[in-house]
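The next block holds one structure in the form of C-alpha cells; read it before the comments.
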Amino acid sequence: MVRVLYPGSFDPLHNGHLEVIEAAADLFDAVVVAVMVNPQKDSALFPVAERIAMIEESVAHLSGVSVVSHTGLAVDAAQAAGVDAIVKGLRTVSDFDTEMTMAQTNFAVSGVPTIFLPSASSMAFLASRYIREIAREGRDVSALVPAPVVRRLKEQFGP
Amino acid sequence: MVRVLYPGSFDPLHNGHLEVIEAAADLFDAVVVAVMVNPQKDSALFPVAERIAMIEESVAHLSGVSVVSHTGLAVDAAQAAGVDAIVKGLRTVSDFDTEMTMAQTNFAVSGVPTIFLPSASSMAFLASRYIREIAREGRDVSALVPAPVVRRLKEQFGP
Amino acid sequence: MVRVLYPGSFDPLHNGHLEVIEAAADLFDAVVVAVMVNPQKDSALFPVAERIAMIEESVAHLSGVSVVSHTGLAVDAAQAAGVDAIVKGLRTVSDFDTEMTMAQTNFAVSGVPTIFLPSASSMAFLASRYIREIAREGRDVSALVPAPVVRRLKEQFGP
Amino acid sequence: MVRVLYPGSFDPLHNGHLEVIEAAADLFDAVVVAVMVNPQKDSALFPVAERIAMIEESVAHLSGVSVVSHTGLAVDAAQAAGVDAIVKGLRTVSDFDTEMTMAQTNFAVSGVPTIFLPSASSMAFLASRYIREIAREGRDVSALVPAPVVRRLKEQFGP
Amino acid sequence: MVRVLYPGSFDPLHNGHLEVIEAAADLFDAVVVAVMVNPQKDSALFPVAERIAMIEESVAHLSGVSVVSHTGLAVDAAQAAGVDAIVKGLRTVSDFDTEMTMAQTNFAVSGVPTIFLPSASSMAFLASRYIREIAREGRDVSALVPAPVVRRLKEQFGP
Amino acid sequence: MVRVLYPGSFDPLHNGHLEVIEAAADLFDAVVVAVMVNPQKDSALFPVAERIAMIEESVAHLSGVSVVSHTGLAVDAAQAAGVDAIVKGLRTVSDFDTEMTMAQTNFAVSGVPTIFLPSASSMAFLASRYIREIAREGRDVSALVPAPVVRRLKEQFGP
C-alpha cells in the first residue's frame, strides 16, 4: 500500500492539477488531495469549501482519491493523513528550484519524502494565477480547467 | 503492487544513485535497476557485468531490488520488465531539462510514466563523470561511492 | 505589413526596453508600445500619463512607433490594436520561464502569437525594479535609462 | 517585406520544427529554411539532399517558404540569403542559454538580429536526437514527425 | 588586505549563511556582515538589534568579522564600510539569476564588484523563509540554524 | 596574502577571460592562470605553449599574474600552486549548474574552495567555442579577443 498527499492551493483546480491526480491515482493506492489554507493570505478567489467541492466533482471518476483541507505545513498534513510521500507536479525550471528546496527542507525536518510527477507537455504552461486573470476578463477558459470549475468561474465573471 | 525501473549507466554507481534506489525500495514494492548499454559508446570505465556486480553488492541490504542490463531504450526495458513507471533522480536544472524532455518523449511513444525523486541535498553534486576523473588521478573517493565501488576503483587506479 | 504590440509596465522605461523597441521598429511595420495598467497595484513610481510621455519622448527618433495604455490582459490590448503578434524582450532564465508560460497561455486563449527579442548582452541586467531603488537613493542612473527618464527621476529624487 | 532565415540540422525535421516554420510563414513575407551542414560531423542519419526533400514535401502547403543548404555559419547563410533576421524556436532552458549566447555572438560579429518563437507547449519536448533513437528501435513516431519523415524512417528502420 | 561586505536580511541567520561567513573569514582579511533594513517591509520576524545579536553570538569563534546594519542599498553599505567587494552565497538557479542581475547593476552604478561563494551542497536548500514557517509551527529546526537562533525561535514559538 | 588559481582551456583566451583575470588581479595578491591540458582531447586549435604565450602577452599590464600549464585535475593544480582558492567566471545558467557541481565535488575531495566572479554583462556571451567557429570562417573577432589573439587567429585563418 503506497499512499500519497498532493498539497496545493487549487484556486482553482486546473487541467494540469487534474492530470497529476489522475497519474497519482493510477500509480498509488490512495491519493489525498490537500487544499492548503494560508490564513495570512485572504485574497483567494474561491473559499476553501468551494475549492474542495470543485475538486471532488472533478475527481468523481477516480477511485482512491479523497480531498481534505489543512492549515499549516504540508509535512504536517502528510503526517496527519498518514501518507508515505508528498506528490508534486513539475512544470518549469522555477518550479523545479522552489520544489527541490521545499522537498529537501521537508525531508530534513520530518523525514517525509517528496515524489515529482512531470506535467504532460500540453499542460506545462497552466498556472492558476493566469487562469484567474483571464477568467476575470470574461475570456473562455474551458480548455484549461475541468467543467465544474468552468461553471463556477462563469457564475462569478460571466460568459 | 507498484513496480518501478531505475535506468542508468552506473559507470560507476555512486552514493547519489544508491540513495535513489533506497528511497524507491522504501516506497515501492519492486525496484528493477537497469544498466543501460550503449553499443555505440565503448569508452566505459567498467564492463557491464562488473557494473551489475557492484550494484548487487551495494544493494544487498535492500529487499525487492533486482539488477538487469538492457541494450536500447529505457521504455523498452520498462515494458520488458513489466513495471508501472520509470524512476529518475533529479539533481540540477540541467538534469531537469533533459529528464523532463525524455519523460515526455517516453510517455508519448509508450505510455510509460516517469517519476522523479529529488536528490538529498548532500548528494546533489555527485556525477559519475567527475568521479571517474578524480579516481583516475588516484584521489580518495570513498566518501562519494559505496564500498564495492571504492575497492574496484582502487584496483584500477591505486593507491 | 507586420504589426506588433510591446506590452509592459515601463515604470520607468529603461535602455533595455528602448533597445527592444528599436529592434522591433527596425524589423516590423508598426510597433504599438502598450503601458499596462494594473488597478490592483497602486504602488507605481510614475503615473500612467507620465510613463507614456517618457516613452513618446524617448522614441521620437523612430518611425512607426505609437504608445497606448491598456487596463486588462495583453492579449486584449493586442486584439484591440489589431496587431499580428506580441513582442517581449528576453534577458534571464527567470524571464524565459515566466514569458514562455504566458506566451503559451495567451496563444491558447486568444490565438495571438508571441515573438521574443533577446536583450543585447550589455542590457540584459537592466530591471525597472532595481532602477527605482537606485534612483530613490539619489544615485546617477543616466547610463541605464533614456534622458527623458533621467530628468524626471532627478526631479523626484534629486541629483 | 520582412524576410527571415530558419537554420538547423533537421536530421530529421519534426513537428516542433514544422510548427516554427508555419508560425514564421504566417508572420513574415519570406522564410528561408537553411539545412546547416557540418563537414566535421559525418554521423548524420539522413544526407542533406534527403533532409531538404523531406522539408520541401512537409511545407508544400505553405507559401513564401524556400529551403537551402549551407556549410558554415548561420550568419553567413543569413547574409547570403539577404534576410532581415534569423528565427529560432525556443523549448527549454538549455535551449534558451545556448540560443541567447549564439544570438548575442551573431549580432556582435554581423549585425544580424535573432528572433525567438516559443514552441507551443505540446511540441516543447520534441528533439531530433530522441526521435532518431526511438525510430532506430522500430517504434512508431508518426505522432512526432510529418508524414514524409515517417515514410523515410520506416524505409530505414522498419515498421 | 582584502575586505568584503556580506549583506542580507538574516531574519534569521541560518547555517547556510554561517557557512558563507566562515568561508569568507577564512579567505579574506575582514568580513563586514550587514543586516539590511527595509523600512517598507515591516513584517520581519526579529527586530534588527536581535538579528545583529544572533549573528554576533554565532560568529564569536571567528576573527575579522564585524556586524553592522544598513538602511538603503548594498553598494552604499559597501562604500560606507570601505570594502573591496560584496560577497553573496549562491544556492539555486533562481538565486543565480537574481544575484547576477544585481551584481551587474551594482557594478554599473558604483564600481563595487561582487564575489560569489557557492553553498556547500548540504546547505543549498536552506532559506530563512521556510525556516520561519517551520519554526512557527513548533517544529525543531536545530539542525538548520545556529544555537543562538534556535534559542530565540523557541522563546517565540515553543515548544 | 590571498592567492587564487584561474583554470581553463583558453583555446583561445577571450575578453571575458581577460576581464576575470583583471578583476581577480585587482582583488587578490596573486593570480595563477592555469592552462589545463586534456591529453584525451587533441582537437585544440592552439598548442599549449601558444595559449600560454597569448595569455602572457595579454596580461603584461597586470601585476601579480603568472601563467602555468597543468595536466590533470584543477584541484591538483591548485594544491601544486599553493593557492587559497580556485576562481571561475560565471556567465550563464548552464555555467552555473556545471560550476556549482564541480565546486562542490572539488571541495569534497580536496578542501579547496571555489570563488565565482560574475561576467560583466557585456562579456557574458563570449565562448571560445563560438570564437573558434567564427574565426575559422574568416570573420573579424577583434572586438571579442585581445590583440595578441587576434594576430594569431589572422595568421591561421586570414584575411
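Letters A, B, C, D, E and F mark the chains in the order given here, with residues in each chain numbered from 1 onward.
As a convention for this text, contacts are C-beta pairs under 8 Å (C-beta built on N, C-alpha and C of every residue); 3 or more make two chains touch, one makes a residue touch a chain.
A quick note: this is a predicted structure, and the numbers were derived from the prediction, not measured.
Q: Return the chain whose centre of C-alpha atoms lies at maximal distance from the corresponding centre of subunit A.
A: F
Q: Which one, E-F, A-E or B-E, has the same contacts as A-C for more than half of its contact pairs?
A: More than half of the contact pairs of A-C reappear in A-E.
Q: When subunit B touches subunit E, do the two copies use mostly the same residue numbers, with over half shared, or different ones?
A: On the two sides of the subunit E and subunit B interface, the residue numbers are mostly the same, over half being shared.
Q: So which has more C-beta pairs touching, B-F or C-F?
A: B-F
Q: Would you kindly tell me how far, in whole Å, the mean C-alpha position of subunit D lies from that of subunit A?
A: Distance between chain centres, rounded to whole Å: 37 Å.
Q: Taking the mean of the C-alpha atoms as each chain's centre, how many Å separate subunit B from subunit D?
A: 33
Q: Pull out every residue in subunit C that's touching 2 or more other chains.
A: Where subunit C meets two or more other chains at a single residue, that happens at 93-94, 97, 100, 104, 108, 121, 124-125.
Q: When you check every pair of chains, which ones turn out to touch?
A: Pairwise, the chains that meet the contact rule are A-B, A-C, A-D, A-E, B-D, B-E, B-F, C-D, C-E, C-F, D-F, E-F.
Q: So in the complex, the part of subunit B that touches subunit D is made up of which residues?
A: Touching subunit D: residues 72-73, 76, 93-94, 97-98, 100-102, 104-105, 108-110 of subunit B.
Q: Going by the contact rule at the top, pick out the subunit A residues touching subunit D in the complex.
A: 93, 121-125
Q: What does subunit C use to touch subunit E in their complex?
A: 91-94, 124-127, 130, 133-134, 137, 139-141, 143-144
Q: Within the complex, which stretch of subunit F touches subunit E?
A: The touching residues are 2, 23, 26-28, 84-85, 90, 93, 96-97, 99-100, 103-104, 107, 113-118, 120-121.
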